[in-house]
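Dumping the structure here so I can ask a few things about it.
Chain naming follows the written order as A, B, C, D, E, F, G and H, and within any one chain the residues start at number 1.
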Amino acid sequence: MEVNRLQTILQSVQSGEMQIDVAMTELKDLPYEDLGFAKLDHHRTLRTGFPEVIFAQGKTIPQVLAIADRLSERSHKVLITRCSPECSAAVTEKFPGSTSFDVARICAVPGKGDAPDNSYSAKGKVLIVTAGTADIPVAEEAAITAHEMGSEVERLFDVGVAGLHRLLDQRERLFSARVIVVVAGMEGALASVVGGLVHQPVVAVPTSVGYGASFQGLAPLLTMLNSCASGVCVMNIDNGFGAGYFANMLCRM
Amino acid sequence: MEVNRLQTILQSVQSGEMQIDVAMTELKDLPYEDLGFAKLDHHRTLRTGFPEVIFAQGKTIPQVLAIADRLSERSHKVLITRCSPECSAAVTEKFPGSTSFDVARICAVPGKGDAPDNSYSAKGKVLIVTAGTADIPVAEEAAITAHEMGSEVERLFDVGVAGLHRLLDQRERLFSARVIVVVAGMEGALASVVGGLVHQPVVAVPTSVGYGASFQGLAPLLTMLNSCASGVCVMNIDNGFGAGYFANMLCRM
Amino acid sequence: MEVNRLQTILQSVQSGEMQIDVAMTELKDLPYEDLGFAKLDHHRTLRTGFPEVIFAQGKTIPQVLAIADRLSERSHKVLITRCSPECSAAVTEKFPGSTSFDVARICAVPGKGDAPDNSYSAKGKVLIVTAGTADIPVAEEAAITAHEMGSEVERLFDVGVAGLHRLLDQRERLFSARVIVVVAGMEGALASVVGGLVHQPVVAVPTSVGYGASFQGLAPLLTMLNSCASGVCVMNIDNGFGAGYFANMLCRM
Amino acid sequence: MEVNRLQTILQSVQSGEMQIDVAMTELKDLPYEDLGFAKLDHHRTLRTGFPEVIFAQGKTIPQVLAIADRLSERSHKVLITRCSPECSAAVTEKFPGSTSFDVARICAVPGKGDAPDNSYSAKGKVLIVTAGTADIPVAEEAAITAHEMGSEVERLFDVGVAGLHRLLDQRERLFSARVIVVVAGMEGALASVVGGLVHQPVVAVPTSVGYGASFQGLAPLLTMLNSCASGVCVMNIDNGFGAGYFANMLCRM
Amino acid sequence: MEVNRLQTILQSVQSGEMQIDVAMTELKDLPYEDLGFAKLDHHRTLRTGFPEVIFAQGKTIPQVLAIADRLSERSHKVLITRCSPECSAAVTEKFPGSTSFDVARICAVPGKGDAPDNSYSAKGKVLIVTAGTADIPVAEEAAITAHEMGSEVERLFDVGVAGLHRLLDQRERLFSARVIVVVAGMEGALASVVGGLVHQPVVAVPTSVGYGASFQGLAPLLTMLNSCASGVCVMNIDNGFGAGYFANMLCRM
Amino acid sequence: MEVNRLQTILQSVQSGEMQIDVAMTELKDLPYEDLGFAKLDHHRTLRTGFPEVIFAQGKTIPQVLAIADRLSERSHKVLITRCSPECSAAVTEKFPGSTSFDVARICAVPGKGDAPDNSYSAKGKVLIVTAGTADIPVAEEAAITAHEMGSEVERLFDVGVAGLHRLLDQRERLFSARVIVVVAGMEGALASVVGGLVHQPVVAVPTSVGYGASFQGLAPLLTMLNSCASGVCVMNIDNGFGAGYFANMLCRM
Amino acid sequence: MEVNRLQTILQSVQSGEMQIDVAMTELKDLPYEDLGFAKLDHHRTLRTGFPEVIFAQGKTIPQVLAIADRLSERSHKVLITRCSPECSAAVTEKFPGSTSFDVARICAVPGKGDAPDNSYSAKGKVLIVTAGTADIPVAEEAAITAHEMGSEVERLFDVGVAGLHRLLDQRERLFSARVIVVVAGMEGALASVVGGLVHQPVVAVPTSVGYGASFQGLAPLLTMLNSCASGVCVMNIDNGFGAGYFANMLCRM
Amino acid sequence: MEVNRLQTILQSVQSGEMQIDVAMTELKDLPYEDLGFAKLDHHRTLRTGFPEVIFAQGKTIPQVLAIADRLSERSHKVLITRCSPECSAAVTEKFPGSTSFDVARICAVPGKGDAPDNSYSAKGKVLIVTAGTADIPVAEEAAITAHEMGSEVERLFDVGVAGLHRLLDQRERLFSARVIVVVAGMEGALASVVGGLVHQPVVAVPTSVGYGASFQGLAPLLTMLNSCASGVCVMNIDNGFGAGYFANMLCRM
């Protein structure tokens, strides 16, 4: 709870403008909304201008629709991630004007809230790099997330270390970005190599792409955590959303 | 075997009221029933007033029905957990008066046994808390289990630590419970936070909700085991039944 | 923050008895004390009557002494767990009247605070059971913790399942306890067996006692988490303190 | 290669009865048969009287049929384990007189070879014990294997440690067996308990029955490997065949 | 508890020869002895003629001495395994006539009990095979255990599969054993190879000998559990005692 | 970038034959082609004469077809590995003259590029050995890969260590190979045994064939990494392609 | 290699100012220095103004001294991390003016190079937060690293979630930072809680502080990777240096 | 056993030159020597010209000396790997003319056997590359091994991917080698990068250098196994000897 708001409430109580029970309600009535199966947090949105995000995996389609319905009342945009094709179809049918990004498994639903102020607007370019073609779905989740949150996004796909010249040839694009997201499965070495080439922050996302001793992404996860290059931070396996969100956050600094 | 019963049998033997072979049978004839593929333990029920419970997972539907049939003869209520929709349909068709709790995957079958005495009745409220919406099925398994065993149950869903004020706002509900069950996937931090806020026992249930380095619930399991908050004990991953049973047991103390 | 206190402060502000800046300080000035390297939480103690506890492992001896010094000002008793022999010697030298429990690696330091009120006093007996002799240090940590917090404690050591009659012979002692703590390394089967015999809560503590595929306690940890007996909850490996604390908490319910 | 046979061949060479090239062929011509995708080992069968066994998992149905066809030429019986329903149907259609054990996933195909001599016949009873009903398929694999190899087999199902009296009540059956196979999932504690009760060899088979931190059978596997009871040896997870084979082998000693 | 003894007690009660309280004591007074930190199980020894065994690891030297002292009163021989050099020195000093097997880390203490009857005497030879020289300590633990329990023991060391002819050359020794214990670290392949050569039971003991991806014996443990050869059972990592005990048990069948 | 080419470009710049911007383009214009979702590396092919390889797993069928289309323009042959039946059908329909190796899951597409020069031609025979029949698909991936790259390939299937004479009987075939690829699941002991018999390089490929504690190939992977035989190197689980490629590379040395 | 420099070199070649062999040397002679056992990378330092960093762990003291000697020639400051007390003593003896930060295990050696230009200077405050006192060494490594690289650093230690009010009370300090580094062992829940409270980037560092199922930091690592709060990125276990470096890098954006 | 030798023996038997019992002895008397705790395999040495190798780890110093003594009788050179400083001192004292390579932990002992013939002599250069300075001990083990076995060896140390230009600058050295051994800890990405640059075989050796989530070398091991670059094979963690041996073997092809 913000200090200013606390001070205001206390002043209103002192001045008699506000009754004690009202003040107590106020002090408790933080801006979230209770749907029973979900408690919607409007607080963050209002403050930062980030759109609301629904993580659809593990929720029923009616739950997703109900949450989206309520969030779109107050927010200017609602993102739904890990959206199955069935869920995506239900969303676009219910909310006209929605956009479905199939590879990224994201739906963007327009909302009735005010557009965020510009004080947190993102600056600079987010470059999304993948080691292989099979990493593209996770990369697209990152790209769409960052873009929908206001970042300029550029893609550089399939530049894994097995053909290093493909990457080296693109060094200028690497240098021109403000933040670089590296998405890689298999052994995940690309994050270290990129981290060693650039002096910008590198957000590394291991993917479950691979087989055998990749162990569903454990191999690239460990690779990235142990990166000998400084300036590399790591996200959960396949967490494209987290990487896009974090990259956008860095561009708002 | 209870000491009292042993004494009674020995006294009957001494007095000649009971023959040796009868005594030997008695001493061995503990109240269980053999169906070949299952040995039904009536002992626990008679003593504690807990309903009988069948763990359906890994059993065929005919096996579940046969066990339920026998248990319902002696018990006042039979619970069937981890009940697939097919199994649930078969149960409710065969046993009129059954209730199917779909989200919790539990069926409650009425039995012919006497209602349990009240000496073990549960006191106080069990509060079931979840970090997210996707944790609800496990939470419902806990809730239905505790309720069917005689506990008052309250639910507080989707108060994960990413929006801490949603939880802090509900502190009074936390303080009013006798036992708190915390159900959380992803990183499972909610158990530690709740454990740090309250002075009641917290029963933590990690769920397999999550992806990537959650490793099917390993992440929240380790989180909960290593909780820096005292007063937190841990159940197996997704073991809503165990948590509800244990919470009810604490309320009977 | 308690609702009552909040109401009192607001009323004082309304009545003009309390200035706004004082109220703001009050609202923030929760009872903890900052030593720089540690923030001492006096709040919990005052409320529950539990003695303060310092986890010594990972702290330097001067840090432990400084924390103990401050806590003993307000608390009636301070426990120091995971206390190395050197640390223990330093504590008993600095704080006359301290008791050192060597096997349990605990020091109890008397404090200047008031004894806790009795409203949370522990009832019933905590029975600490071990599978083997080598599990005794962890069991003693549990026993001393529960005892110093006000519980009656009984010990039943070396009744592992390899000689089941040793355990069965003690069933009356099992039945007479309010809570049972089972401490077991190797394969940890004792928790399931005790859990199947009794109807009281069983707090299971895996130990790192064992070798080879015990993997420093992973084996009994998994055993206990997967226990087929209901009514068993699990603590971290070697966490005797947690088990004693939790058992005492249950006896205060 | 047996010493006797070597001596015989050398004597035949010395005496001129056998040409060198024939001897060289003989010395290499061990009794196996090459199907290209499989090399059939007739040697073991002829010597020990064990029926031939085909592990069907991972083989195509035509491969299984072809191997069974060849093995049945020389062996008196062929067992096919891990037989899918489709595979089982194909086997019983192609080989009249075959028996399909559905729960055990085994087919027994009669062969044209001579019945084994009796010098290796199995003595005593193999008792197959399970902790729960869901462990029965693995137990049946062990039971059918041991039985088809000539052992007397008895079953004792669903006597897990959560209701210990069900097991204790059957101690005489435990004592009457020559070898005991314990099949248990969940936490696998039954093997230790049985091992502590009896003085016969216990062959422990962990199963993948369970959920959460059972990790597909890792939990009971570790439990059994760390058993505090002596006289317990361990098989691979779900390896009912191996246990039945090993138990039968012990009965032939 | 044996059925016969139960019958005898009941008859004595019926006939008035035995008072009820005496009978109750009898029924509980199974032959174990309580030292507080240990409960000594005399039952097993009396019945089977096996010497008593103390697992010294994790016990203090005074605890080991006290247990040995008590066990040697009733048993004809006491074995102490995992005996550190300090412990070994203390044992041989306190108990004249003791033998210390340094490589095996075992002490044998003579006892005052009667020699066991011969009805369980071990027949046939136990062959202890190692893959390498570094596996010898575990192998010696197995060898001394089996020998002290009455088995004839033969050793065949350093015949790992890297030089297969060393093993093949010894096939006659393999064939002449009743039970074969295979002790191997590194990758543990020797157990499968021996299991494929012989038709006797093979008791496989993985050792923690190795480095890197051996992971303290996990590699040979998994190798042995997954052995493609039938007739191989597995012990815990470095569990030479268990293997020697089990091999001796098989020779008593 | 090759030194010679660099020198040539610099000389052309010096002599004025080449403009600076052309030189800069040249210096960057390495021979790869950008399809957006993939960056095709023609460099390797031109230099070594290896055919191009597409790893189909994780790519959509249109992506595979597009990549194959472009690669076949410059290369004399394109291999597509991990090709699903659907993908295989699409490939053979689109590219006449393609060959589909179903067991190996490989398609070979003829290209328009020049055949490679002979300076890197493979010499000697690659022998592909499997432990069991179920390992054949991975073995075939290795065999087809090596063969399509120009190696003579021989197969020796189902010679696992459970019937060692099947392997020993084929020693001459082992000795006649230049490189031996050993493909084995279950416990993977075959690699060590072969490695101990021969003095050629052994390329070991663990497979996910097995069950239980094989943990999807972890068991044979660890076995092979810890091989006590020198001269054994290891590939990823199920990586038949890598083994065939590496074996062919060794034959080109 | 930078485009500008390449252009300059090519222009010099074209104009004849630079010979081809000089150009080739130039094109290869990137600013690193070869000590045989180490190749010192002066390139990064010159460009970014970051001091040079030596990771001392695994290097001999003479190696560390030699590298520091060379680096201090060109750099204005050299940091040595993971510096043992012996190494630290040797460094401060050899390089007058060095500073040793004992808790952080870092030495700072002054160099002869020019101070970096200000174009990359760090802005805003880095707040280093720990869950407990035992996490301080890792936190100090982060704090000293960030400070020596030019960041303003503030510390907030021992505010773990077991006493949540200690953290909530410091929200203003949290809000006033530009980047927050959260250092936590045990279960690592603090990162999620902080991440849920603030809208700045959170750099999470798991520590190996803990015991039992913490598994040397695996538990908090998984917790942090699975954080339900967006805006959290993760470093390797105990990697305080990486976190301080990354936080400083973010402040330079 | 070689075919030729078998033929010769059989001919001698046929001609009467050789008695049957002599032939039988011959057929069994393969060239190994039995020291009881070790069976020395002279066979391999005589055939291939490789020196004998003793793996000292896990052996006592007297065992190492005894084995070295016997092997040096027949071999021209004996290598002792994993030699502790104490062991090394004992070796050089006992065997004059020995060389001790301290960083590599190898001793080379001159033998009395004939120098090997040249038919297996190694051709081409083995290049040993490390990612960091701390990887040098493992790299030296590989280098000394390959060199002592007859290979020309070149070292390229500290060219990890964090400063990629250090590696790229040495491409000519990479291209000039026949086999490249890449030794890397931390995340192990160097193997993939080198594998992508060259077309020679790359032998990758993960090291246990690192901390935290390196998990004693598991991280680089998985990285290398999952390498996206073809032509990379993997050795056990820290297995410098294996890599040097394998590289030398490839140079003898």
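Everything below uses one rule, namely that a contact is a pair of C-beta atoms (placed from the backbone, for glycine too) under 8 Å apart; a residue touches a chain by one contact, two chains touch by 3 or more.
Keep in mind that what you see is a predicted model, and the values were worked out from it rather than measured.
S.K.: If you line up contacts by residue number, which pair in A-G, C-D or A-B shares over half of them with B-D? Let me know.
M.R.: A-B
S.K.: Counting C-beta pairs in contact, which chain pair has more, C-G or B-E?
M.R.: More contacting C-beta pairs are found at C-G.
S.K.: From the mean C-alpha coordinate of chain D to that of chain H, what's the distance rounded to whole Å?
M.R.: 41
S.K.: If you average the Cα atoms of chain D and of chain E to get two centres, how far apart are those centres in Å?
M.R.: Each chain reduced to its C-alpha mean, chain D and chain E end up 26 Å apart.
S.K.: Give me the residue numbers in chain F that touch at least two other chains, ranges are fine.
M.R.: Residues 3, 44, 132, 162-163, 212-214, 218, 221, 225-226, 230, 236-237 of chain F each touch two or more of the other chains.
S.K.: Contact residues on chain F for chain A in the complex?
M.R.: On the chain F side, the touching residues are 1, 28, 30, 32, 36-39, 41, 43-44, 55, 57-59, 63, 67, 206, 208, 216-218, 221, 236-239.
S.K.: Which of the residues in chain F end up touching chain E in this complex?
M.R.: Touch list, chain F to chain E: 131-132, 160-164, 168, 186-189, 192-193, 195-197, 210, 212-215, 218-220, 222-230.
S.K.: Applying the document's contact rule, which stretches of chain F touch chain H when the two form their complex?
M.R.: Per the touch definition, chain F meets chain H at residues 3, 44, 47-48, 53, 172, 178, 199-201, 203, 221, 225-226, 230-237, 241-242, 245-246, 249-250, 253.
S.K.: In their complex, what parts of chain H are in touch with chain G?
M.R.: 132-136, 157-159, 162-163, 165-166, 169, 185, 209, 211-214
S.K.: Please give the residue numbers of chain E that touch chain B in the complex, ascending.
M.R.: Touching chain B from chain E are residues 3, 6-7, 10-11, 13-14, 16, 20, 23-24, 27.
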